[in-house]
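These are the structures, in structure tokens.
Both complexes below contain chain A, partnered by chain B and then by chain C.
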Partner chain A sequence: MTLDASSLQMVKPERRLKRSDRSLAASVGLHAGLIIASLIAVFPVFWVLVTSFKPDARAVETSPKLFNESSLDNYSRILGGEKGAFLTWFGNSVLIALLTTVIAVFLSATTGYAASRFRFPGKRSLMMSFLVVQMFPFAVLIVPLYNILIALGLQGTSLGLVLVYCTTAVPFCTYMLKGYFDTIPTDIDEAGRVDGLSPFGVFWRLVMPLAKPGLAVTSFYAFLTAWGEVAFASAFLSAADDSKTLAVGLQVFVQQNRTEWGHLAAASILVAIPAVIVFYLVQRFLVTGLSSGAVKG
Partner chain B sequence: MRRFLERHWYAYAMVLPVVVVIAVLVLYPLAQGVFFTFTNINEANIANPVLDRPATYSGVGFKNYLNVLSGDTSYGAFWGTLVRTLIWTFACVFLHYVIGLGLALLLNREVRGRTLYRVLLILPWAVPAFISAFAWKYMFNAQYGIINQLLRAVGLPDPVWLGQSDWALFAVIVVNVWLGVPFMMVALLGGLQSIPGDLYEAAEMDGATPWQRFRNVTLPGLRSVSSTVILLGIIWTFNMFPVIYLIAGPNPNTRILVTYAFERFFSGASRDYAVASTYGVLILSVLLVFATVYRRALRKQGEVW
Partner chain C sequence: MAEVSYVKASRVFSGNPPVRAVDELSLEVSDGEFLVLVGPSGSGKSTALRMLAGLEDVDEGAIHIGGKDVTNVPPKGRDIAMVFQSYALYPHMTVAENMGFALKLRGVSKTEIKAKVEEAAKMLDLQKYLERKPKALSGGQRQRVAMGRAIVREPSVFLMDEPLSNLDAKLRVETRANIAALQQRLGTTTIYVTHDQVEAMTMGHRVAVLKDGLLQQCDTPRALYDRPANAFVAGFIGSPAMNLKTVPISAEGAKLDGIVVPLSRAALDAAGGLDEVTFGIRPEALGIVPSGDEGMDMTVELVEELGADALVHGAVKIGEGSQRFVVRVDGRTPPTLGQHVKVAVRDHSEIHLFHPESGERLEA
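So, the complex of A and B:
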């Protein structure tokens, strides 16, 4: 929780082991380890991609083949709306995930900044409550939440779901951003105050631009929280087909005894693409952004 | 009071929105959830604003807790489920940490293609969990799953992974480890990069072996980040619902406390909200006790955190 010299050095990681210092055997071992781990990490996704081109009947054959009557038919049927209102679900998911990201990141940034810079009564219990909030199984909050959303007139709306997602995303994002703000020298704030900026002005004009890596990582986290969530979405969105998110809509491919694996795989790839794009945009910030938050937790 | 507000008003203004949202959407539901554990509330007697039906449930005192804690199988065999939850949690978090640390150590070296390796290794985190769950369910299928096809090809036995046996628990642990390693790896990689390089140089000058450098420089340097991510990892894994539920369904062999609460909540004609909430409160209690002990143990070892 304290700022020390080591955290400032994170910006320029030390190059301590030169490639030339290493024996050939060690290099081979290093690459072998990384290649095996990468294959394990990537294979399930690769296999879904391969399956997504196969017809449902070919996807369940008992001898593995990379290509088996492969075509783009699954994709064209899904995008053409033959398997439910896929594009509508997609739009709903994008809207909900983006709203969650914007609201959650903004709320966690202000809270994280206040917790990082100001001493105020109740700060400690606030940070503690964020930890405790993560412990409660949200499964059990569904009935009370349902009642509250009805009382607020938000039941069945996207905004209601966005607020619920924020309660999951904000505590962790606040922790990460507080840690990140801790690594930004307070001299900057003081200089800004001297130049006549209000505390909010300092936060918005000086500190936020410097915190981009931390903001990128929290956005990624908030986006994924909303993009991949199943339980709340099935409970809180109205049953009408055109208000579903992807996570709920995709259940149509998994019926009682028969799963349409080919179509499910194709839909999965389409769902994964936006997440992977967001991931690719933020990945270069990921290590610095996450670590300072977690290190200084 | 005036001066107090003058000094702190902007701090409070900045945290107020979060406090309001959390209070309305977490603390109040939590209080209501705790209240439900002392009633016999279920789908049949809950107030239904849509049908304009008033609530008719009544208080039952500690009956729900007694039923659950008796370990009766019709109430989810609490103690057996708790043991399974602990096995699941510790197996997952241990493997997350060890594998994550191993990969972080490899990635922290100067190695050709490091960026590419990092992108590939973080990929499981970027894919939405329900998609990964479908993918693994497909791969674990006993007949046409790729895993059993490979096992058959090399002449090994091909178990029914997701059937009524402990293989199902093994399978969901494998999936969750696959899902959770990237987070640990990235957090630990950041921790490794924050260890000053001159510490290693000094250790090397003193003639420390690589193992000694790892024991006496790397591990202490990672203590702070490790204690945070392990605590978070345990809390998250303890409550990890989607992986188990989407892959194994309501299978008693993979039942942990959270999935049982969900089963109780969603399945059956008479959705038993009271018992589901009782499970929720028990889960929260276990985690609170754990977090308190964990923090105290850390503080004893001189951790400021």
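So, the complex of A and C:
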């Protein structure tokens, strides 16, 4: 008997859809859906950008156009300080957001590490309380926090506001980081201790470098908590113009009878830029950080 | 270089009732010795090692390294190096940084660290990989880096916690020999934990067998094999395991199916008033004899061919029930499945008797 290649070949099966294949209609529908969702997400931001170049009088029109007397005037007037101490506010916001990030991440990293590695009485209730405090709406917290700040003599100061932001950022970040630290094998801690590190040395020289993705995500969260926040900032900062943060300062464009939409839009774009930069810096960690921290926690 | 001693050291985990993971362990390890701690899982062998490393508290008793009481000294003050089962390499450091980390912490100069790391790398054939991160290494290479990290330190004691269990079988045998040779060359006191009795027998100068936190016996591999202190050690050391059966005895000896194995006067005295003993005989001390000879009738149930020899598993009637025996036979002429064979004791000096309840050896 002879065998040739063709006789060995199986009858070619009809082309069937594999699990990964889609029909044309499904493909079109899927893409249309995604494109619409993307537009919904992107369009408002895009329109703010368009408006930011228009004079206030042209910002809201019955038949909107992409360009209508557009110029960089709004930006130059804001940055030039004609519409309030924008650069001072910017500086305040940066200072407060960075301080919040540094303090919140340091506190939650140390707390999260302790909760991940050590057994101590009250550990469960501590973690539970972190979860519970996140459930109170901001509005409820303003009065009690204000009283505490007065008692501490910190009302109206940037440091006071930083501590207030930490109360929201620390519990969440602690949870995130505890979850992340749990994924780092304790063998590494032990190897470090045998190699001659103190317990804090293990945390600082081994665990922190390994937790970079988790730290990046929590830093981002802490930064955003402080950066765009309005309610606490307007309640706790002094009324003086040069102590305002950006988010509070933006309110000068919204007056009782008149809103300076063009300037407001331009200022909003300027406010968004630092947040975008921070996001850009941490985005490569975001997926790994969020998934490994949150899921395996 | 240092000797190590456990002085009635215990580790008690709280609970109800509290668990004595290591129970009054007393053990002396002399300078330069290679001691293997072996036992089934949950026997406390790893806990005992971690107590020595300072990673686990010593609740009672004491631990000495080089004559100094280190019971309450943190790990970094004990001058030990440890190889972990998972290797526990620092993922964010290169191989060279991993190996030199302990020296860096001690403030050793960069040039000296480099020289020592290179020397160790040469010994372990790791020179090509010094700039790599651990994730870019194979399992065997990672294992060697973990060894290197320990060697570079030049500690007074090496601690190894199942360092070979993540390697494949062939590499494990190879690395086993390398570690033993390396230890011989460096002459550093080594405590090695394993659950694998073959590793224990082949590597250790002495082997300590643990069970449920209690030290069963500590002796040279030969002595453990020839004179196990109790039925547990007898069954644990040796592969395949010793045949351990409870059999009736009389003044003539131990009664097995069809034969009475004569016992010495001393053995019978030791058995005292017992009418049953635990009778132990290794598979290699049994043999298949021609059908006319005196022996136990065995029905072959399984033949495991190992090449040089074969292991014959079969049922033998003892008293009312039947018991399984394993016999080691010549690999070229094994019996077939279902065959009835006669099995006899080849060497009467290799019979071990144990107390049927306590399991203690009855000295013969």
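Worth a mention:
Here is the rule we use: the second predicted complex is superposed on the first by the 258 of 297 C-alpha atoms of A that agree within 3 Å, B and C clash if a C-alpha of one lies under 4 Å from a C-alpha of the other, contacts with A are read in each partner's own complex, and residues count from 1 in each chain.
The criterion applied here is as follows: a residue touches a chain if its C-beta (ideal position, glycine included) is under 8 Å from a C-beta of that chain, and two chains touch if they have at least 3 such contacts.
Just so we're clear, the structure is a prediction, and the values are computed from it rather than from any experiment.
For chain A, the partner touching the most residues, choosing from chain B and chain C, is B. By the document's definition of touching, of the two partners only chain C reaches A:209; chain B does not. After overlaying the two complexes on the shared chain, residue contacts for A:276 are found with chain B alone; chain C is out of touch. Legend: residue contacts after superposition of the two complexes on their common chain; A:120 is shown touching chain B, with no touch to chain C. Looking at the shared chain after the overlay, A:190 reaches chain C, while chain B stays out of its contact range.
In the superposition on chain A, contact is made by A:64 with chain B only, not with chain C.
When both complexes are overlaid on chain A, the residue A:72 reaches neither chain B nor chain C. When the two complexes are superposed on chain A, the residues of chain A that touch both chain B and chain C are 198. Within the complex, the chain C residues that touch chain A are 53-55, 74-76, 80-82, 84-86, 88-92, 101-102, 105-106, 149, 153.
Touching chain B in their complex are the following residues of chain A: 1-2, 5-7, 9-10, 13-19, 22, 27, 30-31, 33-34, 37-38, 40-42, 44-45, 47-48, 51, 59-64, 107-108, 110-111, 113-115, 118, 120-121, 123, 126, 129, 131-145, 147-148, 150, 163-164, 166-167, 170-172, 174, 198-200, 203, 224, 227-228, 230-231, 247, 250, 254, 259, 261, 264-265, 268, 271-272, 275-276, 278-280, 283, 286-288, 290-292, 294-297.
By the touch criterion stated above, chain B contacts chain A in their complex at residues 8, 10-12, 14-15, 17-19, 21-22, 24-26, 28-30, 32-33, 36, 41, 46, 49, 99, 102-103, 106-112, 117-132, 134-136, 138-139, 141, 143-144, 146, 149-150, 178, 181-182, 186-187, 189-191, 193-197, 200-201, 221, 224-225, 228-229, 232, 235-236, 239, 241-242, 246, 257-258, 261-262, 265, 273, 276-277, 279-281, 283-284, 287-288, 291, 304-305.
Within the complex formed with chain C, the chain A residues making contact are 185, 187-188, 190-198, 201, 206, 209-210.
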